[in-house]
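Sharing a structure, written as structure tokens. Questions coming.
Lettered A, B, C and D in written order, each chain numbered from 1.
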Amino acid sequence: MTTETVLREKLATCTRILAMQELIGLFGHISTYDPETGRVYMCPGMGSEKTTVRPDDILPLDLDGKLLDGEAHVPIEWPIHTVLHAKRADALAIAHLHSPYATLFSIADREYRPVTLQGSIFGAGIPLYDQPHLVKTPEQGRDLANIIGDGRAIFMRGHGVVIVARDVEEMLFASLLLEDEARKWVMASALGEVRPFSAEDCAAFGAEADLPRRAHRAWPYLKGMEERWNGQPGTGAIAFC
Amino acid sequence: MTTETVLREKLATCTRILAMQELIGLFGHISTYDPETGRVYMCPGMGSEKTTVRPDDILPLDLDGKLLDGEAHVPIEWPIHTVLHAKRADALAIAHLHSPYATLFSIADREYRPVTLQGSIFGAGIPLYDQPHLVKTPEQGRDLANIIGDGRAIFMRGHGVVIVARDVEEMLFASLLLEDEARKWVMASALGEVRPFSAEDCAAFGAEADLPRRAHRAWPYLKGMEERWNGQPGTGAIAFC
Amino acid sequence: MTTETVLREKLATCTRILAMQELIGLFGHISTYDPETGRVYMCPGMGSEKTTVRPDDILPLDLDGKLLDGEAHVPIEWPIHTVLHAKRADALAIAHLHSPYATLFSIADREYRPVTLQGSIFGAGIPLYDQPHLVKTPEQGRDLANIIGDGRAIFMRGHGVVIVARDVEEMLFASLLLEDEARKWVMASALGEVRPFSAEDCAAFGAEADLPRRAHRAWPYLKGMEERWNGQPGTGAIAFC
Amino acid sequence: MTTETVLREKLATCTRILAMQELIGLFGHISTYDPETGRVYMCPGMGSEKTTVRPDDILPLDLDGKLLDGEAHVPIEWPIHTVLHAKRADALAIAHLHSPYATLFSIADREYRPVTLQGSIFGAGIPLYDQPHLVKTPEQGRDLANIIGDGRAIFMRGHGVVIVARDVEEMLFASLLLEDEARKWVMASALGEVRPFSAEDCAAFGAEADLPRRAHRAWPYLKGMEERWNGQPGTGAIAFC
């Protein structure tokens, strides 16, 4: 199999899994990058059906956001992806999601810190892109990338999140994990003061080192779940932010 | 196709989509208006099944709430719709919903401000109709319409919301968007102080200008979702307010 | 059709609807009373499957909780029902539910007041049965009934609710309505101070007078929804309290 | 039937029920113990599909966590189970779950107390294992077991819960009950101050004595529910913690 075949297949599967988990839908897009060819592979954007995305539906782009094959709407926020793919050797898979819970950290005045052991992969914190607009130009993409630095994620004010990973499996795992972190913080705060882990605890736990193994073990589990899913929409499923 | 055929088809589709999203059910009704003929088209009211509404089920009314064809219960709150259709040239589609989250702004002592970029279409704020009764007479309808002014929405105390739009697609999009705004505010407030966008931020973002494009792009997406929906009720789905 | 046939049919349908709405399941039971014969009809209790209850499964009891026909577990809290049926001429249908949201008013230190227009049928307030035990004897049943007085409902501390109605349709409607009230209060309190309606507002609205019409219009809607329901359990559906 | 056949069958059923209830999934594992043979039976660990676990999938282990038959990943936190099975004669069934709500008590600064009558089986309180790491060695398992003492459960910081029971039926019942307790506390706290039951109230209620009867009555109910379940994943179902 060629690299392109593998990446298209993985990205389509990941799109369907995220749709099943209601982290992608009317909005949101994910991408992966082949540094050999300089090609970016991206799922279709706003208004396309995500639960049935197949490898042939994946859009091949160059680093200027130009569609290299066929005709389709390229998501207008393509610079979120291309700037990061070009800038960081470890940014081979990127998700831009309007995750229902994680996005709340872009709305409330609250600094994110990990509350679960697994969440300690985000132990360096997650910065906020505070600009009240979309990221539609390479310049805006560079601003965003500069704030992320070598971090793993960023919140976009009143909008969504970006997650940076080394491959599609880690991007999926980190996306689900961040959503779970946010949901737990929201729910736990009803009980009392939330006690996040310190940066030291996070470093000591070593989730970072274990991430590849965990992400690649979760992948077939989630893939199998998506295969037996009947594709029914959840109700109240549209996350607009 | 005649205008009537088009409007009946659109309104029936919109009713089913809102039912799938659990924004309409035992209660709630939506309408669209044909200024050429002065006819209002409205979905059936309380107690009718919304998930299977077809174009033939749509009720044609005049601006006095009189049923122009067939026999059916006309929703008792018809003046919500007719007064606005008659008064404003841009009020061609109107939703009265008991949306589970948006209605909370009619219950809690909290002024609504947009918390997401897309929510900035509500940047002018949303007033409250504070009367503790239904809107069953043209006079009450005029009171309600006066409070809305040229706005896009209103909260009705302990009851629900009204959304005013230029066409059915925008009415659907704005209804889902407002619900998402309210859900995000409720959830985000668990994390800390919610930071809404200022009126200036909202104006600068330009969601207003982009609304028609977005709403018309969301429409086939939501229509497709409804077509593959198996019609199963969510549980706990009855929004009574 | 005999009264017994009618009441068995209605009660079985109501049980299935409440199961669909996740207000009854492993726990909870409902009853209706025929004053002509002094017979109480009750759905099966703990551990019986509620989503498939048919008229033949309904238990006929006398006012001492004795099973009049067949063999079955009589719910141990039968005195909740029998004492009220015997005492009040308007208590012809009674629900004892572990409703997920309504039960919260028996756990938190908060007096219930209606927050929606329809909720104003509970405008007289809802008292609390503060005893930390089940209601298993006629004496305990009388204590409970005394606290209810001529009211429509009661909260049972750390346990559930009892709802009193004139017929099965009103019992179903009031049960769903109270759950919706509680859910709205919980959610709205995230936004700010909840503003319940005053007793005067409630009386003025007249929900009381309109209840029979509304409840009997909701009945076929809910019955139809249950008929097309595929019976699938919601997840996380067990309300234990 | 041999004891092994019975235990494998029960544990597989319990795994599927917990999967349906979304208390087990990508993570979490349960076990039961046969003191006659010293064998531990455990469900498969991370990454295995839980909704379809059958008796043959159950892993037989010795008390050192060694797989006695076949080839499979043994869950790395096997010492949670083996130390408790070896130490306590009443620890014949053990669940380690990442329950979405119960885990919140390991995140927020809040001491757990029962809020429902049935929850009074946890009336002795539930301690916290405050170490920021997994339990992967017998020594860590002994630390955990020492903190549990002769208690029924423990919270693990930013991670999950352990529940100790006399048989699989009680383990299932207690797991669902603790989750319901936590959900109720979270939701009720929106209304006002939560009023847990005192240790005296809990002792007086006698839930302890009634637990075997209740758990064994709930078992066929839950088993039947799982049998008619179509196995569809809930959305947003991954509890990571």
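Criterion: a contact is a pair of C-beta atoms (placed from the backbone, for glycine too) under 8 Å apart; a residue touches a chain by one contact, two chains touch by 3 or more.
Computed from a predicted structure; not experimentally measured.
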item: Proportion of interface numbers common to chain C and chain D (over half same, under half different); value: different
item: Between chain A and its twin chain D, rotation from the CA superposition, multiple of 5 degrees; value: 90
item: Chain whose Cα centroid lies at the greatest distance from that of chain D; value: B
item: Computed distance of Cα centres, chain C from chain B, in Å; value: 32
item: Residues of chain B touching at least two other chains; value: 185, 187, 189-190, 230, 232, 237
item: Interchain pairs in contact, sorted by label; value: A-B, A-D, B-C, C-D
item: Touching residues on chain D, where the partner in the complex is chain A; value: 26, 46-49, 100-101, 103-105, 107-110, 132-134, 157-159, 185-187, 189-190, 230-233, 235-241
item: Contacting residues of chain C [partner chain B, same complex]; value: 20-22, 114-119, 176-177, 179-181, 183-185, 187-195, 197, 201, 204-205, 214, 217-218, 220-222, 224-225, 228-230, 232, 234, 237
